[in-house]
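These notes concern the structure reproduced below.
Letters A, B, C, D, E and F mark the chains as written, and numbering starts fresh at 1 in each.
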Amino acid sequence: MFLPIIFVLSFLSSSSNAADFCVGDLYAPQGPAGYSCKKPEAVTVNDFVYSGLGATGNTSNLIKASVAPAFSAQFPGVNGLGISMARLDLAVGGVIPMHTHPGASEVIVVVQGTILAGFISSANKVYYKPLKEGEIMVFPRGLLHFQINAGKSQALAFVSFSSPSPGLQILDFALFGDDLPTDIIQETTFLDAAQIKKLKGVLGGTG
Amino acid sequence: MFLPIIFVLSFLSSSSNAADFCVGDLYAPQGPAGYSCKKPEAVTVNDFVYSGLGATGNTSNLIKASVAPAFSAQFPGVNGLGISMARLDLAVGGVIPMHTHPGASEVIVVVQGTILAGFISSANKVYYKPLKEGEIMVFPRGLLHFQINAGKSQALAFVSFSSPSPGLQILDFALFGDDLPTDIIQETTFLDAAQIKKLKGVLGGTG
Amino acid sequence: MFLPIIFVLSFLSSSSNAADFCVGDLYAPQGPAGYSCKKPEAVTVNDFVYSGLGATGNTSNLIKASVAPAFSAQFPGVNGLGISMARLDLAVGGVIPMHTHPGASEVIVVVQGTILAGFISSANKVYYKPLKEGEIMVFPRGLLHFQINAGKSQALAFVSFSSPSPGLQILDFALFGDDLPTDIIQETTFLDAAQIKKLKGVLGGTG
Amino acid sequence: MFLPIIFVLSFLSSSSNAADFCVGDLYAPQGPAGYSCKKPEAVTVNDFVYSGLGATGNTSNLIKASVAPAFSAQFPGVNGLGISMARLDLAVGGVIPMHTHPGASEVIVVVQGTILAGFISSANKVYYKPLKEGEIMVFPRGLLHFQINAGKSQALAFVSFSSPSPGLQILDFALFGDDLPTDIIQETTFLDAAQIKKLKGVLGGTG
Amino acid sequence: MFLPIIFVLSFLSSSSNAADFCVGDLYAPQGPAGYSCKKPEAVTVNDFVYSGLGATGNTSNLIKASVAPAFSAQFPGVNGLGISMARLDLAVGGVIPMHTHPGASEVIVVVQGTILAGFISSANKVYYKPLKEGEIMVFPRGLLHFQINAGKSQALAFVSFSSPSPGLQILDFALFGDDLPTDIIQETTFLDAAQIKKLKGVLGGTG
Amino acid sequence: MFLPIIFVLSFLSSSSNAADFCVGDLYAPQGPAGYSCKKPEAVTVNDFVYSGLGATGNTSNLIKASVAPAFSAQFPGVNGLGISMARLDLAVGGVIPMHTHPGASEVIVVVQGTILAGFISSANKVYYKPLKEGEIMVFPRGLLHFQINAGKSQALAFVSFSSPSPGLQILDFALFGDDLPTDIIQETTFLDAAQIKKLKGVLGGTG
């Protein structure tokens, strides 16, 4: 006698499944709103959990820092859900260089150490402050910002974004890590040619 | 002599067809914004009309009520258009149990009978009232709400949603109609184990 | 001993109240997203219920029809919630003339009678069909559409919109009910001056 | 020694590529948010540049005007980016007839000549003015508007839209250029049958 | 000689300031999109930094847990930026009870301890898993979810939301912590009256 | 006898006025979605027309170029309408330096002369090309881009944005035109201190 309710309502529920989530299928067509959805029946809890931010990143590099993203490309469970994360590790002296996320605002929470974080507004006003453990700071979408280990020990922070694929444009790589000709860089940034060539050498740029 | 205007402008118009609508192709890839679009040349008026809400639903069940959805899964014409509908039939004593639509606000219009409708806000304030024929009520997105036949005759209502796929999470089915273990339900809802097991029995839940 | 949970969590809940709804305050500043919100503590269930669609409209007019809106201006409870409604009454021979809603898609549900409804796409293709009781039809946002009583009795329908303030541009009023000069209408519509003047006379237009 | 930074950060950057753009693949599935994305590695600068607006349009037609669109169907580089353009050429006496864009606001900039431009609001108020070279005017989304060459020489304007596929519904084509029956047009527009038939004859409509 | 560039460009920049951020003014009118903006000239770095998540919450309560929000009401710097955060502290045996956020998706990152986290989909499928330090999990918008300390020590997690004011509807408070009459709860949840009254007693509900 | 239709329908139309547009009132509260709306009855055609882009800008400055914006701060008619414009004048040798618009995509149309335009993607790929008269190019939202007069005569272009307040962050002003300390710039950009100080001198920066 109870079957009717189960029939009627579970029909309803199963048909509305796609409204809940759209785990990204990285091999199917991608559109402006993100990846195509994996078939709901193939989705498991593991699609919604990501372990890639669990380990300390390798900071044996020039910036003494590392960034591990959990964007939709790494963590397809966030596809279409308007949010994503990343992990920042900064060794002593470590720096996340000046960068923007073209499509998202960011909030940082400092979990370990002290981080000097800041951003620059369109009005060319600089907002920066050292953040202690447990403090959070928001970086409005699309603006240049940076994080520097301001303490004497390793620092750890998690950052969240208002988009599953926030993008990341690191200023130095954008300018000096590709084949944008030196004279164009010079004309559009007023930097000296020698400075440009020096950084192109370091960052692998040509032209 | 008139051909030029026809040529120039109809070229324009036909190329902008996709801006108008995107009738869902239920068998093509689905993305965060909805179903892929059926080819415009295959679309007919029947894609924009749905007859599935025309008949009184079967209310011979525990809740003495039925819900017939016209979401994008049933009515692909609303895909991408930010709106959908459903039909509610409530026999005498019928109830649409406590539920949410995770992704949409809802407006109900009572067409026949009297329906006691209400929702609960994040601030734990309850808003409920009996609605007469022709009265409408809005349920803000994502909040728990319910509808009860408050009269002595069959009731009929149509509900509209601010999304083509609003989703539907019925509280009892979510808690007791799946395999969520009793101890987890107990810990997260403070309900007694006996109560949980009783409802799992009724609603087909396991665990 | 139980007070702490109440304190901690109710603090949380009450502070997030604004996330739920924003009942429009028609006398405070209005912005691109809608009206300013009424203070949450002044909101009652009556803000979410609207009775203005309950009575049959007066159809003793040229179009033998009436439209009663429940947009945010009439029903401030829908402000910010992405949805609104209206009631259509069509006497025998009644017509809702050709019109658009600049900012919203629409779904119609026929509650009584038979209504011939249709819309015209950007590709100049016409989609129209007589709708019986219980049938629904969607009109994609911004396109010209119309409804005609196609039966031999009074017809009643409710329409829902994907916006709390969908707008309404009735073609004849737009062209002939204002002070747009006849020669501009003529040049931009190819209508004859005599036709324009005749309709300006009927609809109160000048110029 | 510098390789580590290159490895870590370029991994990050390449994986976030899809956040930047989604050049439309006109032959892959299309969804409510636009075309599927062309593979990033196949994208070149030519996908972001469009030359189709470079030449004066053919104005030897009834309206003595031409419209060249650069919507996502013609210029797939704008797919997903919330913007598109078109070019308007108006010979002496040329007119862009009364029309709407169902899904976008528009800004016009007059580059050559004088153009009388205007729109009609939902409140049936007309806003129109002659625009000189360098003047701009905005037409809010979905409203009827028009442009007329108001000078004694050829006029040129560029228009931009708040959508990559704004749609275009030209009033005369919508009413008289398809197979909408004369009696339906008559009932929904109050135009005389003779007027309707005359314009159907000119614009190729049937019915 | 260099002044002109400063004049022209700084004019531009200062005028576009509002595009960057809109720090909430909690005492000015609020609209559907959030709080009114604080005057840009009064904004300092402290508006973008929040220290309220820095201290361990008081878990001496029934749920042995605490939630500290950094929504726009507590942290006005996130107003309009599409993101917010909260801190979860769970003592041994602590539980964040079953709840929803009506308007946002959530990502949790476990910073200390082990947390059993899960959510229930519209299709009544349960997705849950114990999360270790550094693991993250996403909860799609509007769905019921919960977090339980699954370890033998204090647990700490930070959660981020895809909205500056995600809302929070805790199931038990919604059902039993207000004045929703027992018979309505009974009819809409199938819970026994005794169970309802017991929990109303604990949670302070009346009716 | 015709009055009834006028009464019923004009009531409808006037009440939905706010759906059409929201001309910005620069002196009323501003929210995340833009400026408060000017009272509809005070709005005239002049609110929708802007003449500030009509004159050639003063290019007697370091960059030999000028930018005149028509954002919502200058042209309140675009408030809430998802679009805005600007005029670029580039004398021979003129350059619009490397910059981003944090919240908008941009399309440029070259009206006079030849402009070398380009942008850099998150994947550090450079897309640039000389644009001739009538050619258009799109710059996806938030990415670094630039324009250079590549010809031997004055150049003129109009740019459109997918937002009424796109923001503008000019790289050199952001880095060197404020009080961001030299050592922070050095650490986050790898530029030499001498280079930084030189440009701070030119651009008026301190610190």
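We take it that a residue touches a chain if its C-beta (ideal position, glycine included) is under 8 Å from a C-beta of that chain, and two chains touch if they have at least 3 such contacts.
In this text, all values refer to a predicted model and were calculated from it rather than measured experimentally.
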Show me the overlap between the contact partners of chain C and those of chain F. D, E
Counting contact pairs by residue number and requiring over half to coincide, which of C-D, D-F or C-F is equivalent to B-E? C-D
Farthest chain (mean CA position) relative to chain D: E
For chain B versus chain C, what separation do you get between their C-alpha means, in angstrom? 21
Could you work out how far the Cα centre of chain D sits from that of chain E, in whole Å? 42
Take the average of all CA coordinates in chain A, do the same for chain D, and state the distance between these two points in whole angstrom. 35
Where chain B touches two or more other chains, by residue: 10, 13, 16, 19-20, 29, 31-33, 102-103, 118, 121-122, 124, 128, 140-141, 143, 163, 167-170, 173, 177, 202
Name the graph shape formed by the protein chains and their touching pairs; answer line, ring, star, complete or other. other
Between which chains does touch occur? A-B, A-D, A-E, A-F, B-C, B-D, B-E, C-D, C-E, C-F, D-F, E-F
Of chain B, residues touching chain D in the complex: 1-2, 4-6, 8-10, 12-13, 15-16, 18-20, 22, 25, 28-29, 31-37, 79-80
Parts of chain E lying in touch with chain C, wherever the complex brings them together: 29-33, 57-58, 60-63, 66-67, 69, 71, 73-74, 102-103, 163, 165-170, 173, 177, 202-204
Note which residues of chain C are touching chain B in the complex, please. 10, 13-14, 16-17, 19-21, 40, 44-46, 48-51, 53-55, 70, 75, 77-78, 81-85, 87, 104-107, 109, 111, 118-119, 121-124, 127-129, 131-141, 143, 158, 160-163
Could you please specify the touching residues of chain D with respect to chain C in the complex? 95-98, 100-103, 116, 118, 120-122, 124-126, 128, 140-144, 146, 148, 167-175, 177-180, 184, 187-192, 195, 198-199, 202
